[in-house]
Structure formats: structure tokens, C-alpha cells
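I am attaching a structure below and will ask some questions about it afterwards.
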Amino acid sequence: MTAVAFIGLGVMGAPMAQNLVKAGFDVIGHNRSPARTDTLVASGGRRADSVADAVRDADVIVTMLPDSPDVEAVVLGEGGALETARHGALLVDASTVRPETSRAVAAAAEARGVRALDAPVSGGEAGAVEGTLSIMVGGDEEVYESALPVLRAMGSTVVHVGPAGAGQTVKAANQLIVAGTIELVSEALVFLDSHGVDLGAAVSVLAGGLAGNAVLQRKAPAMLARDFTPGFRIDLHHKDLGIVLAAVREAGVALPLGTHVAGLVASLRAQGGGSLDHSALLLQVESLSGRDNELRSRPV
Amino acid sequence: MTAVAFIGLGVMGAPMAQNLVKAGFDVIGHNRSPARTDTLVASGGRRADSVADAVRDADVIVTMLPDSPDVEAVVLGEGGALETARHGALLVDASTVRPETSRAVAAAAEARGVRALDAPVSGGEAGAVEGTLSIMVGGDEEVYESALPVLRAMGSTVVHVGPAGAGQTVKAANQLIVAGTIELVSEALVFLDSHGVDLGAAVSVLAGGLAGNAVLQRKAPAMLARDFTPGFRIDLHHKDLGIVLAAVREAGVALPLGTHVAGLVASLRAQGGGSLDHSALLLQVESLSGRDNELRSRPV
Amino acid sequence: MTAVAFIGLGVMGAPMAQNLVKAGFDVIGHNRSPARTDTLVASGGRRADSVADAVRDADVIVTMLPDSPDVEAVVLGEGGALETARHGALLVDASTVRPETSRAVAAAAEARGVRALDAPVSGGEAGAVEGTLSIMVGGDEEVYESALPVLRAMGSTVVHVGPAGAGQTVKAANQLIVAGTIELVSEALVFLDSHGVDLGAAVSVLAGGLAGNAVLQRKAPAMLARDFTPGFRIDLHHKDLGIVLAAVREAGVALPLGTHVAGLVASLRAQGGGSLDHSALLLQVESLSGRDNELRSRPV
Amino acid sequence: MTAVAFIGLGVMGAPMAQNLVKAGFDVIGHNRSPARTDTLVASGGRRADSVADAVRDADVIVTMLPDSPDVEAVVLGEGGALETARHGALLVDASTVRPETSRAVAAAAEARGVRALDAPVSGGEAGAVEGTLSIMVGGDEEVYESALPVLRAMGSTVVHVGPAGAGQTVKAANQLIVAGTIELVSEALVFLDSHGVDLGAAVSVLAGGLAGNAVLQRKAPAMLARDFTPGFRIDLHHKDLGIVLAAVREAGVALPLGTHVAGLVASLRAQGGGSLDHSALLLQVESLSGRDNELRSRPV
């Protein structure tokens, strides 16, 4: 029975770990605030009181952490995963972090005889619960293949996209396109509304052509109903676009629209929209257009 | 047998008129350069030597013209369609023009006892040939319903989106989203390529999630193969975005990303890309990022 | 004694006409709302009840009108200035309009034997009153020279910048740089304030180096005092930037920052800031940054 | 006689150190590549072989280093200035670095009993040679006053702008306005040229009004002469705008035009313009507008 250490049992990590239990893995979980391990234990997993205890005997180590500094501390830091991991263990970092963090993790892992992959996910809490996440994997091809049983227990679309860091780069590109598309759809809706168009009919015809996209299909109904319950919070999307901007600058490429939309997300957050769903970019377009909406009346 | 006058037998108009013939309408076509009427006649339609001759006995008049001034001349001008049309005739303008042009046509038509719709299409030459266009219709509900037999002979998705001008507004929103999405996908591809990612694998995983869109599905393969044969030319998209900018300014709304992408399309055109497919926005992102590509070596 | 017809006695036109009286010209003024001619008459000018009456015996015709359609009506329209003007008269259009309007006026004037210049001004109401306007003149060199006595009665900086329309183009460029500079200074102030910098000290050091500009010198004190009394209203700057955008599109050039700032001005106007001084772009930067300010609490 | 340690004798640092010698200070210089200390010694200064040797007996320590990591290494690092500096010494960091680096230096200095100021400069090599730099100073008021003799030996405009880090913030704002103004002037020039305007005449009239700025006065003549010899290189301006972007993101403010121009500078650099003067933004506007210029034909 393959032993899996799972570090980071948050909104995403907890159901991902439970899906590993369901798939027959021996899962030992650790979380900074220990209460979060209870549901894992109730589902048949085990609890570890420290990162070291969790990873000591693990065949596979999965990390699902908030940001680059967390991964650096938990994986690379003193008492971290790499210090204790068995020679030959497999480290799967499912966190969304900077590509260069993933490359640093891969290099440090190799130096310790640990095989590492970056494997950020998309699909949200629902995808984590249902095991239908998309997983973008960077690292060596053969390591990727050896990790497939673990990855397929958590996601339904699992794709190897390149060397170490490539998973993070694709995740960054994903977040860039998603933010840009939400903004484009928001601008289109405000424009259509200002001309007295039937928005429901417009969305249905737009969704069927070359303008069609997943935001129109999945997000527009809630946007028209003015429901901005997250879903995926502006705060998190802002953090992810920070990764994009840093990686863009590092690569020396010019992404005019991507940079622009990152600024719009930052502005929405500065105006107090951080805890709303990212589709609340609609509120900002309304505000910029002088149209009454919740954003302008919302306390900051 | 319903008599249909069809004015404007270009790349789009000619196959649309032929589909009306196939559907059993008595079609009499007119085009400024008369050679373009030959294929219609060969398919069983008739030829008229002037707009007046075409519309005199028509139950329905369909216009498919390049731009707002053409519609103003052919419909509203001296010797134009409204001067000669029968009382009670139905005017369907399938051209992509400014919403205010469509509203002016609707008002002038009403004054002459003619019922008018704006009905711009999307789906390109292939959609026109196969009769699978999306048609966005503005005008009175009952006029729309009376026009359905004609509209359904030309398109497979026919949606009534609001009052006069609303069809044009939805078409404008469509062109805004399409240009913005091509730009976002182009920026993502350059970004991914700069980080050494496998582009084919990345496109497949991006297409399956919230970043998924019709550009990734239909356009990205040709973009990766560096095939920029139109399709839909930058020159035409530039013209359509001019309609968007004018309608945005008229409505007093703020569309930051839409305005930005209109500038990028204008710049690509200024650099000599006007006759390329609109997916050639990729070349401009490459040029801005200092990456070798056809645009930089192309004579302007 | 040179007879000058002056059409358009608004906030700018009235003092300009009075300065012509002071300089010894025989000025006959006309304004759509006749009450505006009273101060001219009190200063020693004469009143005309129609454009035709004003221009019939004039050696020089000066027009100072709000926008392109006004110039087209008053100069080119039925009963307009060109219909009545004497052969050999000199037409000086001081309005800020589209370069192509000025070129159309120049062509129509030439056909009637009238010599025409476009001569838009900058310097505001104060400059108009004090006769210290900057005047940017387009048209033939020798016509320009013959107009110098009239132009120098109204402005202290009078420059010939090129053929017909060139004056308007330079005025458009002026408005582009002014709006962009106000926005840059506003962004710098919000940035500095967010980091706890002494704004007065910062402005003084910034004004002395390569970042120095007339906005820092003349506008920043009122901005820091939060006084947005016009001066030059956002509504007017928005109109002028519309001229810039049209001329940019006509010329097929790419002005990324200029286009961007035009969108920001349009947005400020949409949010209800149209009657504030253009330095109120500061309020919009504050709003976008989530900082309390008058704009967010202002009724729209 | 006040002993001044000067670390970093580059293009800016060397003449600044010589001006301190001229003003009567006992200057002991250190530079990573020791050959750079020769001119200082020839001018009457002394040479130190290490940072520690330079600062050991110094009353004042001036650092003039390329970027934040250099300051962190030389000041905060092992064997760095703070390790060896006398209790009560004054540290003046004239480097352009991130405000948070300056705040970290100030905190570390205080912990060691050293008084610290951030004092970045503007005015370029000419200003450094002539002692006419503008110096923007952050730190305690009384420390600032005690540093004035040293600062006034290097610059002619010396302003205290706020607490630790404020000098860097003002320098960042300076670089933001400078880049934005160069871009606005470049866009205006391309626009004017496309309409056939006399550029020299236009620049003279624009420089005299509210559009007037130091770029029009000092840079436009070389731009019109197409001389892009640095001056201040795009590579350095790109680095400085990176500081701006990081500080903007840290402060949670929205600077739409500033962010946009940072992207344009990054793009010019990506296209191979890094070693040109920053006024070469003109070449990029020309390239975006499809106008022939050196940038398009320049090997990247």
C-alpha cells in the first residue's frame, strides 16, 4: 500500500486528501492548524503532528499550500519535507506558486535524491471534492508517469506540459486568460446593457460563436443575477496574477492585455472587492461607467 | 412564392442568396459590379440592373453591404431601396454597421410603411455557404417572427436580442470579445513559449477549464502551425472595432480592455498586417516581445 | 480701419473680440443667443443679428465655436459665412475642431475666393482675457502673415505650424499631452501619498528635474488643496480627446498612452465628473485605488 | 576633517566622490573592481581594499550601487558596512533601490547605532560631474540636517521628503513621470508627423503652454535629430520601473498609465533597445504605427 503524506489540508487540500484515501492510498495528513486534520482522520486517514512525522516514511509527498513563501518554508526550510524525505520519494507540489519556486524545489529535491513535480490544479473546490480537477504537470516524463495513479485520484484531466516549472507556467497562463475573459465579458455586458439589449438573449447567441467561452457558459448567469458569492476570490486571483507579472518580467515578454487586466484586478481589490468572486470585475466596469452598482455603495 | 430582393452579392452575400434560392424563395439579386450576379442566376435566381428594379416587387429586401455609408446610400439614398419598396415590405439588413445607422434605417423605414430589422451575422464564409450563420436580430418582435423563414434559410442560430440597433450592438460585442480573446490567447502562447512549455499540451489543458474558449478550440491549431490565411481579415476586424469604439463613446461607458485591444488591432494593421487573419495578433505579441517572426521581416 | 466679424461670443470668444476692439479693429459681433453681444457693444463693438449681416462687409471673419458641427453649420451651411463673405476676405477659425473639418473649410473657402486659416488657441479664459493665448496656425504661409495683426491682438505666442488642419493637429497633440501629464502627476501623487511622503516637498523636487512640467507648476498646488473648480472642464477635454481619437484613427498611427488616457477621461465623465476641472483625474486615481475621496461620495 | 567612506565608484559614484574631495572631505573610496579607484586617488582621495577597511573610521558612509541586492550585500551582508561602522556614524545610500530596501537598511542601521538616510539622485552623469544633482532624502529630520554639508557637496537641489524610504518613493515617482512624459511626447510627435505638421514649430508652441515639460525642452531636439545616444539607458529605466511596479503593488494603489508605460519600456528592451537612450521610446511608437525606423531594421 502506497503511503502518501499530504501537507496542507485547506479548502482544496482536505477533499484532495480524502480522494486519495478513497482511491486506496494510506494517507497521513499534516496541517498547521491541527483541527483541519479531523475530517481526514474520520475518512480513514491518519494525522501527523509535524511535517517531518508526515513525510518520514512516505512514498509520495503531496503539498497544497497558499503561496511561494509557504512552499519554500515547508519544503526547503529547516525541518522541511526535503530534510526528512526518504531517498527516492516522490514530491508532488499542487500549490500555485512562481515557476522559479518550482524550479528551485526541483533542483533541491534532485540534490537530495527526491523526484519532484509541480502539479498546480484548476477547477475549484467543486473539482477538488469531485476529483475532477485539471492538473498541469511539470517535471521529467518518467517521474510524471510514475505519479499518474496519485494524480488521477485527484483529477480527471491530467496533462504533462513540460519540464520543472512548466505546470506553474500553464497555471499562470490559465489565470491570465480567465481574468481577461471575465473582464471582456463584463465589458460586453455593460456595453450591451447601455444600448438596451436583452442580456440573456445576447449571452446565448454570443456563447455559440467564435466569442464563445467558459465564462459566458458558467459565470454569466450568476453575473446577470448579480450573485458574486465566491467561487474564486479576487484576493486569490490577485495573488495569482502577481505570479504572472513576475514570470512575464523574468521572461522579458510583452503582454499588454494581461498586464492591463492585472491592474484592473488590483484596483477592484483596492476598492474593497477582495472577498468577492472574480466575476465581480463586472461591478468595476459598471463603476468606471458611472452606473449604479454595489461596488460604489460598498464600504471599503 | 415570396419574392426576395438581395442587394450585395459579395463573399458573404452570394452564398446567402443562393441558400434563399435553395429554400424556395424567388430571389432577384443586384450587385454594384454585375459579374457577381452570375452565380446567383446559374443557381436559379434572377438579376436586377438597379436597386430600384430589384426591390420594386419584393416582399422581402435583404441587404449585405460592407459598411455604414454603403447602407446609408443603398437604403436611404436617392434611388435607394426605401424610395421604391412596396408598402408593407420587410427590410432585413444583414450588414455589420453602427447601431445608430440601424436605428436611422428603422426610423426611415417606418416613415415609408416598411418593416425593418437589423440582422448582422457571424460565422464567416463557411457559415454563409453552409447556412449555419448566427444571426443577431434587432427590431420589433412581430416583425422578427414574420422574418423567421427568411432568416432560418441563411442561419442556424437566429436570436431576437432587442429593439432596432440591438442586433448591431450584439455583433459589436461579439467582435470585441473575439478580438480580446485572440489577443489573450496570443499573449498566453508567447508567455508559455518563453518558458519552454509544450504548447500543444498546454492548449489542450487550457481549453478544458474556465480558460476554455472557441479561439483555443478553432484557431489555436492554425496559430501554432503559423498559418494566418484568412478567415476573417484584420482590415475587417479593424472596421468592426471602429463601430465598437463609436458605440462605446456614444453610450458613455468605459471598456478599458476593449479599447486597448482595438488599439492593438489598429497597430497590427498599421504595420502591414491588414490582409492577414485576425489570429495574426500573435505575430504582434511576438514582435513586441522581441521574438523573431514574420511580422518584423514582412515588408509594410 | 479693418472690419472684423466675430462669430461666437462665449467664455473665450467675448474677451477675444474685446481685445480686437482694444487693438483698434472695427469689430461686429454675432452670437446665437444675442444677450452675449452686450458686453462687446459696451466695449465699442457693434452687433449683427445674423451671420450674414456680420460677415457681409468684413475684411476678416473670426469664428470661435464649440465643435465641428457648429463650424460646419456656421461656415459651410446655408446662410453661412462663406455664402456671404466678400471675395478676398480672410477667415480665421479659432475653434477647436477636427483637422479634417479645417481642411474641408479651407477647400470650400478657396472655391469661394476666401483665404482661410485654422487657428485654435490654448491658455484658457485667463489667456483670452489678457490676450496671452497661444495660437497654433495652419494654412498658407502668406495668408498667415497677412493675419498676424489680428492674431497678435488675441495671443502672445503665435506660431505657423503647417498647412490647413495643422493648427488643429497641434492643438489635438497639446490636449493629448496635457491630459496624459495630469494623469501621470495624479498617479504619482496617489503613489507618494500611499507611502507617506510629504507631497509638497515631493512636488518641488519633481518639478525641478526631467520630470518637471507645467502641470506640476500650475496645477499641483490646487490639486493638493483639493480645489477642482474649473479652469478647463472634463466635458471639454473629453470632446477634444474625441478629436484626437478620430484623427489618430484617420492617420493609422498607434498612440497607446494617448488612447488609454482618453478612456480614463471618458470614465471620469461617465462617473459624473464632467463639470470639474480636468485636474480632477486625481479623484479617479484615488477612487481606483480605493482611497476615500469626493468622487466616490459624489452623486452621479 | 570629516572622513567619508564612498562605496561604489561607477559612472555616477566616481564624480560624486570627487566633488566631496573638492569640498574638503577626507574621502576613502572602495569599488569592487579596484581600477575604478584610480581617478579618486589622483584627485586627492584614498583607496580601501574592502568595504570594512573603507568604513572602519568613517564619520559618513556614502553608497552608490546598482540595485537592491547590491545594497543588501554591501550594507547588510556579512562583512558589510553595518558590521564595521562606528557607533554614531551616518550612512547615506544614494543608490536607486526599492523603498522597502531603504526601510530595511534604516531599521538595521538603527539597531547598530548608525544613523541612515536614503538619498537617491536625479540629474544624470552631467549632474554628478557638475555637482548639480537633485537629491531626494528620506529619514529623520535631524539626521537629514546633519547630512546637509555632504549632500550639498554633491547636489544643488536637496530636499527632505519624508521618513525612511521616502527618498526612494519620490525617485520612483520621478522615473514614472519621466517615462510617461517621454512616451506622451513620442506619441504626439508621431501623430503630428503623420498629419504633415512642422515638428520644430509644433514643439516650440507645445513647450510654452500647459503641455510644456522638461522632455520637450531638453530631449525633443535630439529626438527630432534621431540621436538616441544615452543619456539614460532603457535598461536602467526598465530596472527603475520594476521598483515602481513593486512599490505600487505593495501599496495597493492603481496607476493605470504608469503600469502601461512600464510595459512599453519592457517591450522596447525586449526588442533590443536596452542600450539606447530612454527617448528611444519614439522608435517604438513609430514601429507600432508601421513607420520605417531604426528599431524595425535593428538586429535584436
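Order as written gives the chain letters A, B, C and D; numbering starts at 1 within each chain.
The criterion applied here is as follows: contacts are C-beta pairs under 8 Å (C-beta built on N, C-alpha and C of every residue); 3 or more make two chains touch, one makes a residue touch a chain.
Since we're looking at a predicted model, the values are computed, not measured.
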Selected pair, greater C-beta contact count between B-C and A-B | A-B
Farthest from subunit C by Cα centre, which chain is it? Let me know.
-> A
Measure off the straight-line distance from the CA centroid of subunit A to the CA centroid of subunit B, and report it in whole Å.
-> 38
Chain centre separation (subunit B, subunit C; CA means) in Å | 39
Interface hub residues of subunit D, defined as touching at least two other chains = 252-256, 260, 267, 269-270, 288-290
Line, ring, star, complete or other: which one describes how these chains touch?
-> complete
Contact residues on subunit B for subunit D in the complex?
-> 256, 267, 269-272, 287-290, 292, 296, 300
Spell out the residues on subunit D that touch subunit C in their complex, using ranges where they run on.
-> 99, 122-123, 134, 136, 157, 159-163, 165-166, 169-170, 172-174, 176-178, 180-181, 183-185, 187-188, 190-192, 194-198, 201-202, 204-206, 208-215, 218-219, 244, 247-248, 251-258, 260-261, 264, 285, 288-291
Complex contacts: residues of subunit D adjacent to subunit A | 242, 245, 249, 252-256, 259-260, 263, 266-267, 269-270
